[in-house]
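Since the structure comes first, as structure tokens, the remarks are kept for the end.
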Amino acid sequence: MILVIAETKASGGLNPASLEAVAAAQQLGAGPVGAVLLGGDASAVAALTASPIERLYHGQHPSLATYSPDVWVQALVQIYEQAQPTLILLAHTYQARDFAPQLATRLGGALISDVTGMKSSTVFIRPMYQGKLAAEVSFRPDIPGVVTVQIGAFNHASLRRDAAPAPVTVVNVTPDAPRLQAGEIFTEAKQAIDLSQAPVIVAVGRGIKDPKNLDMARQLADAMGAELAASRPICDNGWLPMDRQVGSSGQTVAPKLYLAVGISGAIQHLVGMRGARTVVAINKDPDAPIFEIADYGVVGDLFEVVPALIAALQSPPGAPPD
Amino acid sequence: MKILVCLKQVPGKDAPLRIDASQRAIRDDVPYEINEPDLFALEAALRLKEAHVKDGGEPGGEPESEIVALTVGPARASQALREALAKGADRAIHVEGAEAPQLDAYAVAEAITRAIAGERYDLILTGLQADDDGFGQTGVIVAELLGAPHATIIMEVVPVAGRALGVEADACRIRAKRELEGGRFQWVEMPTPAVLAIQSGIGKLRYATLMGIKQAKNKPLRQTTLEELGVRPSLNRQVIERLYLPPKRQGGELLTGTATEQAVQLAARIRRAIPR
Amino acid sequence: MTRPQLEAEVVIVGAGPAGLACALHLARLLAARQLPADNIFLLEKARALGAHQLSGAVMDPRGLAELEPEFATDAALGAVPVSEDALLLMAAGRAARSPITPPPLHNHGNSIVALSRLAQWLGAKVEAAGVNIFTAVAGRELLFEGAHLTGLRTDDKGIGRDGQPKSNFEPGTDIRAPIVVLAEGPRGSLTRELTSHLGLRGENPQVYSLGVKEIWELPAGRFPTGRVLHTLGWPLAPHLYGGGWIYGLDHNQVSIGLMTGLESIDPATDPHDLFQQFKTHPWMRRLLAGGEMLKFGAKTTPMGGWHAIPPTAGDGWLVIGDAAGFVNSQRLKGIHLAIKSGMLAAESIFGTITGEGRLQDYPDRIAASWIREELWPVRNFHQGFAGGLVPGLMHAGLQMLTGGRGLHARYQAQPGHERMLPIAQLGPAPPRTAADNVLTFDKVTDVFHSGTRHEEDQPNHLLIADTDICNGRCVREFGNPCQFFCPAQVYEMVCGDDGAPRLHLNPSNCVHCKTCDIMDPYQIITWVPPEGGGGPNYTG
């Protein structure tokens, strides 16, 4: 069995990335898929048992109310011994990065992290050198393997379960008291914007011509739920702060969608965003290098296209297509 | 307090990368520099040292803290240690081996723990991950091998009246500010010895002063080898079968029509790409 | 503000072949008398030794052999012996090998070296000898007491674009030293300050060429290791001094480049573009087909010869290497002269320290050495080309028969920037070569391949005395040649809000070649080092 470690959201319920991990486990085609949830609420349990897994192992213990790596690893080791999976899989979340290497080492195995695909059931593909290169990686034979999958690399939209919800096995784990004492979770306005975590980005370049046109760009970003970013000349001019700069002298980003508005696509900029899953470009120069890497391109005047795009995004999706 | 900072070299940021004959590694005829996240780990250690208060004395008074910089790397990696010493580390350890670039996170963690066997550190700091292999695991594995508590993605904040930034050093416990997804944070507290993986961007990195560069030459540098420690690529628990250039992105679809028509088509594709 | 203060016996600015040779030779001379070397400071503005070192480069072994006799067999240096050389004469669409290779371009016995690797190789020895090397440290300002040079000040670190200190601000250090050696390379910024402060000048003004270079990896066997080719003619117009090169390195790599004299009458002369054109010649196309461009670089070289060398020694200072102008423009060789000039400087310094000599005997040492022996007969070579290629060759021939005299004892020379004609007298600027990103590249892409990086949040390091001239008078008079002569697109003319042209700077593209400081027609641009550690990276 491939055992997927699920994660809950701080606000309750299942983190959808865990379903992506289930989809990835299915894609491996290396046997039935099971899941393990530590603590969590009824809604998380329901979401998991409604997915195509064979069984849910539900770890329970008072100290599972708060995450700490000590407790998680001990609990998971206990469940591992019970479930005896051939492979452990989970989403590459901040939490996973915190405990998965420890779990793998404790089990005498290894963690292959940030996987974006599989070549076979034993060979995994992951990015290296900040996405410039890719590697096919496998485990040394006969050691326990843990794999984290890159968020967004696997799609859970087509997961379906025909039968009744999966059975649940409650495991009363017995971890020691955690050495880590965790305080309250709180939000804070980050002093610097971390574009590397933004799932959607609208970036503006010289084509925007004037800082007053940034309002239009902001409206577009809002309509898309995107962060606003820029190529170097915009930040050089002081029109946007330097922490919004994408490129070799700015941030490297890998969003699901990158919309480049009025950006020509000089290589210094491209190296900062080539990890984007989908690239869209609006530029009036048909020869702009950005079109060579854009999945969708619009050759046109951004001062006409962008307002029309904002309007199209703001109207209900049921509006007449194409 | 005694702080170990683990750092390593990675290829320069925009260096052209070519795959070598084995197809499992890059050609090493590129410029190297210290992995930027590791520089933040060093910066965190230096700030701790500066802010450490001994018996209620003034910050900047006789420091009790010792910062040791360690690297596992080939001969060229000594340059990274020199830079760390120039910035204020007190001594350095070089675990040298030509095969170092072939080691995985587990083998490197073994090399580190074997190199420091017999020494007791209060705190071990690493960068969050390396810009080359991007494993992000070495610090956590070191913690596991040492049986020490750990925390990752540690932020630091502006110091408050003489106390250390974000990591308050006390005789045997430390507090660290952990970053979570979505702009949320959490303070955690743990006993030492402990391992922390430091997040980038905690503040500005300091420059080495001329005096620092000059003094670096005379600071102790202990040399050992992977061979002496019994660490070799056969210790790896994962294997790179093939390293390759991902297929080049191809230009896709150019949308046609009037601006409004293009916008409508684009909106549809955007919605498909980012389901909300 | 209190600045850190340091004292040294000798401070050398610039870890190129001259500075390194000076440091190494001096350390050895001191060691032979049981004197320590750790009061010698060597400053290098690049982040790592060799990062800002760029040349073709074919080196005459004479200088290095005196410093390090075993260099040729040391694999760590990787010097490639020249196996064959030839001169290729190029016209549009055609190329022919010159039946005779002019003797100055004979390279038998010479070695192809990577200058950055030479710097790293020598640097390791300099450090082992006990000298203090400071990288990422730029010499920013000289410290004078009247005419007496007492030391220098290094660059402040951590100043923002707005000129305000950032949270990691570190003030530069004042280094007091009785002896300062300027080895900054062509058009050094401290050298410029020195000559200006003390009113120093050579008999002729110094003139320069800009070399633009790429390293390519070619299919195996395409161009043999050790083969040296120079080219003359296309795409350089007859009035334009310069030529191309192709050197066979190991690992199937070639160094290719074009040198363009920085003295063109045409203000729209664009050396980077001329190099791109050069690659489109059918001969070059065939050479590069199927290859891949790995790296780019650009650097100026002084070409003025013996008469352009300013005073090289004074009260507390020496100027050596390219900073002084020790380059043989006929043979296109300067590395060996730089090394020798550094060694002779070490001897003068050693004499000063032990009381057996004086710093000011340096010019006498130069005059008595093979530096003068080599440079004297070619003292008028470059200046003979003022009228163009054909007159230049005639003058060169005549000079060879007359021990360098030619028609005049000293040929007159003009600074390069003064030769520019107003655009009113010329036709429109020629169109630039369109980049195809396989064979030809635009400036911004090439800059990316030079590994150039600077701290973005720092003050602009191209000090322009009066930008109104750029936006007004220069537009009309010369058409803003900076946008053409800079190989890194630091200078751009954009349309301002009111439709008027306005100069826009991209200082972080700068590859530190100094062309702008040399060539701006009003001499209002002063290049100062950006924050230490920034710049190109020619290592690896």
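The chains carry the letters A, B and C, assigned in the order they are written, with residues numbered from 1 in each.
By our rule, a contact is a pair of C-beta atoms (placed from the backbone, for glycine too) under 8 Å apart; a residue touches a chain by one contact, two chains touch by 3 or more.
Everything numeric here is computed off the predicted structure, so don't read it as measured data.
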Using the mean of all protein Cα atoms as the middle point, what chain has its own Cα mean nearest that point?
B
Comparing A-C with A-B, the one with more C-beta contacts is A-B
Just how far, in Å, is the C-alpha centre of chain C from the one of chain B?
37
Between the Cα centroids of chain A and chain C the separation in whole angstrom comes to 48
For the pair chain A and chain B, the C-alpha centroid-to-centroid distance in angstrom is 22
Two or more other chains are touched by the chain A residues 248, 271
List, in ascending order, every residue of chain C touching at least 2 other chains.
448, 453
So which bits of chain B are touching at least two other chains?
13-14
Provide the residue numbers of chain A that touch chain B in the complex, in ascending order.
10, 68-70, 93-95, 97-99, 101-102, 105-106, 109-114, 123, 126-140, 143, 157, 179-190, 192, 194, 197, 199-200, 224-225, 248, 256-257, 259, 271, 274, 277-280, 291-301, 304-306, 308-309, 311-313, 317, 319-322
Parts of chain A lying in touch with chain C, wherever the complex brings them together
210, 232-233, 235-236, 242, 245, 248-250, 266-268, 271, 289
Under the definition above, what is the set of chain B residues touching chain C in their complex?
12-16, 29-33, 79, 203-211, 213-214, 217
Listed in rising order, the residues of chain B that touch chain A in the complex are 11, 13-14, 17, 19, 26, 104-106, 109, 131-137, 140-141, 143-145, 149-153, 179-191, 201, 236-246, 249-255, 259-260, 262-271, 273-276
Within the complex, which stretch of chain C touches chain A?
437, 444-445, 447-448, 453-454, 456-457, 497, 506, 508
